[in-house]
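What follows is a set of notes on a single structure, which appears directly below.
Chain nomenclature is as follows: A, B, C and D, assigned in order of appearance, with residue numbering initiated at 1 for each chain independently.
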Amino acid sequence: MKKLTTTILSDVICQRPPNSYKGTFGRAVLIGGNEQFGGAILMSAEAALASGTGLVTVVTAEKNHAALHARSPEAMVVDWSNDELLASVLENATVILIGPGLGLETISHELLTFVLTHQKESQWLVIDGSAITLFAEMNLILKYPKMTVFTPHQMEWQRLSQLLINEQSETANKKKQAEIGGTIVLKSHRTEIYGLTATYSNPIGTPAMATGGMGDTLAGMITGFLAQFENKEAAICAAVYLHSLIGETLGKTHYVVLPTEISKQLPLFMKKYEQ
Amino acid sequence: MKKLTTTILSDVICQRPPNSYKGTFGRAVLIGGNEQFGGAILMSAEAALASGTGLVTVVTAEKNHAALHARSPEAMVVDWSNDELLASVLENATVILIGPGLGLETISHELLTFVLTHQKESQWLVIDGSAITLFAEMNLILKYPKMTVFTPHQMEWQRLSQLLINEQSETANKKKQAEIGGTIVLKSHRTEIYGLTATYSNPIGTPAMATGGMGDTLAGMITGFLAQFENKEAAICAAVYLHSLIGETLGKTHYVVLPTEISKQLPLFMKKYEQ
Amino acid sequence: MKKLTTTILSDVICQRPPNSYKGTFGRAVLIGGNEQFGGAILMSAEAALASGTGLVTVVTAEKNHAALHARSPEAMVVDWSNDELLASVLENATVILIGPGLGLETISHELLTFVLTHQKESQWLVIDGSAITLFAEMNLILKYPKMTVFTPHQMEWQRLSQLLINEQSETANKKKQAEIGGTIVLKSHRTEIYGLTATYSNPIGTPAMATGGMGDTLAGMITGFLAQFENKEAAICAAVYLHSLIGETLGKTHYVVLPTEISKQLPLFMKKYEQ
Amino acid sequence: MKKLTTTILSDVICQRPPNSYKGTFGRAVLIGGNEQFGGAILMSAEAALASGTGLVTVVTAEKNHAALHARSPEAMVVDWSNDELLASVLENATVILIGPGLGLETISHELLTFVLTHQKESQWLVIDGSAITLFAEMNLILKYPKMTVFTPHQMEWQRLSQLLINEQSETANKKKQAEIGGTIVLKSHRTEIYGLTATYSNPIGTPAMATGGMGDTLAGMITGFLAQFENKEAAICAAVYLHSLIGETLGKTHYVVLPTEISKQLPLFMKKYEQ
């Protein structure tokens, strides 16, 4: 298992090409936020925007639209019950994230199957939160496993891999990752990444980050990094590492680090590590 | 009566265990915010989040949901007329707060009785604001008095204890606290805490804090501290003391201290006093 | 005409009494904000809160409630079509402000007459913006002129006084003020105050303040100062002077001073000039 | 082609006249923001306000009103399906902006034709975003070409001019500008301005600005500058240059510059370059 260091940041975070426009930095579609967990997808959107994604569209319950615009006018928004519009924004997506605050209702199921069947060969797909639970429970199938990232915490990984938490050893996890075929970001106080070519461990982080929404922010960062950077496995690792690095830095002066504070720091930290 | 000092802060605010996750720091359910007083529960939520609670769910009139998410996407939200969902979030709560902006309407009554009957033996309950008035007027009964905290100002304490404001001496208050059986945080310009094992006085605070919403913020802090810290009586005292300490500090440069400013300072002050 | 100086600030902004609570600093009811001009009453509310009013209730079109709470959870809110609730909040008001963003519709008329007939002898009333136009057009009558403040700009003063702008000399204005019987805050790049005992001119201010919402902010400050401070004529003068002083100070580094920036500075400036 | 320098800023950004009021600095009406792209017009509004426009009215889908007020209470708002009110706000406009987030629906068409037919000889009109696409597709006609500014990116310019992107040479563009008769702000990583009297190139900018909403912010700034400053061609150039200058400055420390960050800096940068 390779231990991540700040090197991963300078490897990944490249200078933006001078002759570029917003499309150069990807189109992310973020799907989640039901009536109870709307804040989750708002936090993912903030992270995706602040990490430099070119264009971000949020697909969420209508109830969440006003708060999304109040916080992030940079994001576009689609009512998640509008299939036609959803299909059209998915068509042009570089990366799709589904899961933050998605819930386990009928519409959550429907959205997940819709996304799984509409994913195109060139599109990265990040499956997070309750979408992982749904995926496991419904025995769904990936069209393009190599283009898919799961971001489970340990209990969600148990559901997906059928490995009990105390069975989740590196070897067992690696084997399950190979069966599933996608990348696994296994979140815990020391997150591990089971990638397509190697396995990585994140040696940093702080308990000050143990608060609701931290995973939604990470999912948004992974999405943003996949939207922009060439080497996808490294991009995922860099997002994980940077998330913890910012948390650890803020944690030196903050007893608890609110997830939205991580996003605020992203443009500054990314500049610092730009290669 | 024991005079609180900064010692209470370092006694209570412990280092977070390295191997922890959001569940380690409790699940708070905050109930309040009718159509007129919605801001109250928003302020409680900000205080609970910023003091480090693992997960915060706000149960409030639907009208307040957009503003809650616009300010605090970290919080989850439940429409307070949805009994089924309310029951399910209460089921998993570590601490329940009811009262900020709750009002005195029929639904306020119903919610209070619902909470009082659903409280479990392991769950702390904080009763604030109009919930105290309702509790007194309706002659309601506590299931687990020792797990209950009332946070009345002097007029609310009069309603609850039937002691007129000028009769509210330490002895009389102590006696009433014993009859009620719960903890009493009696708010005034010098707040007193009638705990299960002792009585405490808070020697600090500033008239710059005398502004609407200050009590809602305190209620959110008490809830957040109960959610995280082991010694519950000390946790309540620490929340009261820290609330005044931040207010006093900001009051050196601010003629009036807005309650939301207190919450913004919480992560920084808590870090400073972490033992 | 007395020229205002910083002396007015230290004369008015007194130390808050140690043994005080939010009620000590007044209850302000702010009425305005139709479907088009909702932002106006939000800005008044921010100014009233930041200047230290104990309790602020905003009475506005329902459409504006979410934005109000998103910006100022410290404020309470009442739907302006709810007469019964309006009557009850007016009952307990220390100061009433009507006008910012009120509009000229039927409901605007109704609200103004409602307020004029419900004003109690002890209640200060500030009439601003379109409420001045309505007052003039409808030939309405003040119950307690000495307890009333009008805050017209020059065109509104023309409507109210029937003095054309070029006829608005000190003598003519003073005469009209005496007829009307209330205090007149005549806003221009050099605001004049025609008080009950004297006439004052504000020698400061900056064209950087010439932007929409500046008057709504001033109205909120006057309301907040009347709610708290003993000498009412001096309080009005101090609010006018401080509004310009903050604007002038920010104007040294800002080409335009947004009204909400004035409110953010209020607690700091008031502390600086506290006597 | 004249290369823009900071000189354009001091040429344009004049000291505000001492005896001025909000009307002195223009009335801008901003039209855009459908159900999917509401954030766009919010960002334009922030830029117009922060650049010093006297009064800003936003005409947008009702769904966006709460978020607009939550972010910018300084703006007034009109439901874009209210023709009567729209006509009345247009009547008094100094500058009209149409396009940010306007969409391509029936109502978008209707609004554009409404504006084109209602423009008065004295009113500047800025046509941005999807309004350019609609204008091109529907073969619409300008009433006052010299009072009109188009702000296309290269693909929108292709639609408007029928020049393929690789045919968009200075000569070809200049010829098309002359045919159209209005000013063309051709946005790319090095924006060019085809004015009525000359052609200008903007030598600055940074790929950190390549993110959704940057154009909406620029459109708001151009609108704000046209509302205030005498020499209109220079005002447009100054807005373009300052937009890039702020972006470049923030880009030294930020990997990505969010458009709303540009607006926050406007009052400070404008003061620095005030002549």
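We take it that a contact is a pair of C-beta atoms (placed from the backbone, for glycine too) under 8 Å apart; a residue touches a chain by one contact, two chains touch by 3 or more.
Heads up on the chains, UniProt names are A, B, C, D = ADP-dependent (S)-NAD(P)H-hydrate dehydratase.
The structure displayed is predicted, hence computed values, not measured ones.
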Quiz item: Upon optimal superposition of chain B on chain C over Cα atoms, what rotation angle is obtained, reported to the nearest 5 degrees?
Solution: 90
Self-check item: Interface composition of copies chain A and chain D: same or different, split at half
Solution: different
Exercise. Would you kindly tell me how far, in whole Å, the mean C-alpha position of chain D lies from that of chain C?
Key: 34
Quiz prompt | Euclidean distance of C-alpha centroids - chain A vs chain C, Å | solution = 48
Practice problem: Could you check chain C for residues that touch two or more other chains and list them? | Solution: 66-67, 70
Practice problem: Quick one: which bits of chain C touch chain D in the complex? Just the residue numbers, please. | Solution: 35-40, 42-43, 46, 63-64, 66-67, 70-71, 153, 188-189, 206-208, 210-214, 252-260
Exercise. Over in the complex, which chain B residues touch chain A? Could you list them?
Key: 13, 16-22, 24-25, 49-56, 65-70, 72-79, 85, 266-268, 270-271, 274
